[in-house]
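Down below are the structures I want you to see.
The two complexes that follow have chain A in common; it is paired with chain B in the first and with chain C in the second.
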Partner chain A sequence: MALPPKQIGTFLPSEISFLAENTKVTIIPRQALDSVDLIGLKLPSMRPMRRVEVPLWVAIILKKQSRCNIVSPAWLSEDNLKKAYEAEASNMTRFSDKLPWEWIEVGELVLESAPDDLSSAPHVIRNLLRDIREIRQAKVRAGLRGLEYTYMQLDHIGAMELNEIRPFVTMTMNELRILQNSVENEEEQAAEGMLPDDVDDGSDMDDTFETREYSAPPRNSSHFDDSVGSRLSRPPAPSYDDDGEDDDDELEMDESYLHTINR
Partner chain B sequence: MPSRYYDIDDFIADGQKIPCIFQTAVPEMGYLEHGRSESTDIRHGARLELPLWLAEPLAMGVSDEFPNGLVMVSTPAPFTSKIINALKANAVNVDLRSLTMYFFRLAQRWLELTGDHTLLAQISAAFKERAVVVNDYAYNTRSTSLMTDSSEFMGKLDDTEVKLYKAAHVASRQFKKWVSIKK
Partner chain C sequence: MATDDRDAEIDDLIDNLDRDYRFRSGAPTAQRPGSSKTREYEKEQDFAKLVRLWISERTCPDILPYDEQLMNSLTDRLREQVEFIEMATADPEVASQSKLKLLLVESELERIKFLVRGYVRARLHKIDKYYMYLSTDDSDVRQKLSVAEQRFVVRRATQLKRLYDQRFLSNFKSTPKIQRLDDNSPILQMVDQPDLDDVIFIRVLKDIPGEVVINKEDSIELRKGNIYVLPYITIRKFIAAGEVEFV
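Moving on, here comes the complex of A and B:
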């Protein structure tokens, strides 16, 4: 593949930040601008002092040209961040739901491009964001101790935080899965059917996606069990000819395995 | 192992040597044993370390004459009770690298052969315990908070854990880089 190995299977922080620039923010234009048709997006017409909602990247461009003020998102106010911090601190096993999916990126972008539009002094906001990030990092770290090979639930984690732990978590879970698969047995397969397929309330797209991503049960378990399981413990000679039919399955396994290894 | 045919790590794990006891004499192969000349035979009951890829088919029954295989495989050094007990006591302090560079790959192969659930639980637990510390070191390369020298711990990691360390370290470094550009 053309990408360097470290970029396969994960995003760069700059890419996550780029994606976050599509978030809608409210701006107060200072100049009039006719509606603009873009691919996949139509900018509303702007009139001075009339609030409109535009993607963050448009807001940043206009702000740089001093053509608008960005109304900082409600959660990015000093009060709300303090509340969010308290919510984080009061429950050390869950992430609070007071922050949006792209809170780190949007926070940084707004702080960088429009520090004068914030409701409080930028350094206050920045410190609060850092405190929240640290307390959430501590939770992630504690959560890693409970890592299992089946699934991991991280409701309300941010995109950037998820991206940061993704390589470690996926590799660790893959390793645990490999070890587990090596002694596959009947109980295992029975339990596989009981994996929670919807552990989330489904209200949040991101959460659901995440749970799915990590919940991949051991694949091809039946195949493993037949051809690989405890060979030595069985005295009669095992058959070498039982892999004829599921070549396709094996190929699929190869690719997915290599893919995870590449991470 | 068809499913991991292209995995180079699995390949190397297969080359790890495990102790075997011969159940039969093998003519003219005595030179494989240490310090014996070419013309001698491998004796019945001789102990020899064979690579896993060779030991596995030899240990399986190949004919009616040897229903239990040509060799008997005994537990490799990294999975003896001494090491497993050490892992149970304090997984983080065990020097896996000096045992074998490919501890967890070898563990995977060994578990496939034996189907030992207790061993699986112990090795998985040890891996988790170590992985958390690996993650801590990956995030704090110059840390004083861990109160130990990271190179000392790093020297004890097996190949899988080194890869894990690199992945976690790159992710954390990229994030720090991104934050520092923003400021």
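Moving on, here comes the complex of A and C:
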């Protein structure tokens, strides 16, 4: 009610892009403009040809009215992007540190609003960005296969890339943790032989993992029903007969999820 | 002339108040070169804080403390800005002259409003979901809510209770045990509360000495710039200390 399901625990791509619009960029004004007092910053006074730093959203407004040129960020040059691609290709288990946090969003925004201000032809930059995106996506996919319930490290991932995997990763890790906990509980009980009498008052004689079944799954699955697709909304029922690690099911979840993100 | 002086004096007083208010928590107050520079810095800080609040509230499983001070000063500035726009547009001559300026002011106003709204809505969503848990008398929990939010929680709880009572709970008069809405036996917890074990995405802002243990068996080092997905509970204290942030 207060928040549409797609915005619970995560962000829309447009929201990630909105955040990226706050990145500072350098512009070359074409005409003078007095400094403007805003709520979140004071825009510097502008004089023609004198470089100033402003948030990207201001640059886009000015650019649309042909009142400035945007100095394309250094990392968005053909040269640097080629290097970044090399770096990405040379190590398939890590993301390179050649790109900023908001590289996808800023790249797209600059390409769209100021294609004529780029240091190389727009289609060259666009293709390079796409190549880098694809190679990085492959790494994300590989990383998802090894998803565990404890933690995952994602150094140098981009904001948009992170947001894309967020619903799937959160849901999977939370479910894996619940499975793990119930396996541990079961083992503990097996070791103890039986439940201690003083804990329960007689009516609660069920196993502890039954508790999990009641309380946890509804809460967690309701988070992500809409964001990941109905196939994933109900995780495979925990099977208490084996060791709880059903690799096949996990892989299947990966694949179907990737269909949805790759569309 | 005299009135100008007095105005300046009052302005100074107000500036000082503002500064004392903000820097109460021990930031250096000794030198203060022409208040405009500090103002500018504060503005950008406040904006950055608002962005962080929004991101945090959206991604954190628990409800975080309401930043009343920031929200108050932001709503004040929003109001000022709206007044400015109204004044400027009232005079058609001025309006045509400063069209661009107005466009920038209006765009920013909308951007800030979007964030403020997003922040409040993200909180409202959690308050709605965990109203039973939040309507306890535990002051630690209640303190996280603003006055308006506290009022909302209480009203929601009483209204729902009344609705349920009238519609069906009154039929179970003979067994008062099943009339309860807040039964918290380990089998079936009726009070939905935030799961602090849920994983979150974080960025490490500064090196943290030692290792952090996760789930008893794994431990990791937190170095500046690292991005991790891990259970909220293991990292909560570093977030509160500002050493780690939500992403």
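The definition used in the following text is that the second predicted complex is superposed on the first by the 183 of 263 C-alpha atoms of A that agree within 3 Å, B and C clash if a C-alpha of one lies under 4 Å from a C-alpha of the other, contacts with A are read in each partner's own complex, and residues count from 1 in each chain.
The rule is short, and it goes like this: a contact is a pair of C-beta atoms (placed from the backbone, for glycine too) under 8 Å apart; a residue touches a chain by one contact, two chains touch by 3 or more.
These figures come from a predicted structure and were not determined experimentally.
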Contacts of A:10 with chain B and chain C, given as first, second, both or neither: both
First (chain B), second (chain C), both or neither touched by A:67: second
Touching partner for A:34 - first (chain B), second (chain C), both, neither: second
Which superposed partner A:2 touches (first chain B, second chain C, both, neither): second
Which of chain B and chain C A:87 touches, first, second, both or neither: neither
A:168 touches, of chain B and chain C: first, second, both or neither? first
Touching partner for A:58 - first (chain B), second (chain C), both, neither: second
Which superposed partner A:160 touches (first chain B, second chain C, both, neither): first
Doubly contacted chain A residues - partners chain C and chain B: 10, 149, 166, 180, 220
Contacting residues of chain B [partner chain A, same complex]: 1-7, 9, 56, 59-62, 67-68, 73, 104, 107-109, 111-117, 120, 123-124, 127-128, 131-132, 135-136, 138, 160, 163-164, 167-168, 170-172, 174-175, 177-179, 182
Footprint of chain B on chain A - complex, ascending: 6, 10, 12-14, 17, 108-109, 111-112, 141, 144-145, 147, 149, 160, 163-168, 171-172, 175-176, 178-180, 182-183, 185, 220, 223-224, 227-233, 235-238, 243, 250, 253-254, 257-258, 261, 263
Of chain A, residues touching chain C in the complex: 1-3, 7-11, 15, 18-19, 22, 33-34, 36, 38-43, 57-58, 61, 65, 67, 149-157, 159, 162, 166, 169-170, 173-174, 177, 180, 204, 206, 208, 210-211, 214-216, 219-220
In the complex, chain C residues that touch chain A: 36, 39-40, 43-44, 46-47, 50-51, 55, 58-59, 61, 74, 77-78, 81, 100-101, 103-105, 107-109, 111-112, 114, 118, 121-122, 124-125, 127-128, 185-189, 192, 195, 197-201, 214-215, 217-218, 220, 225-231, 247
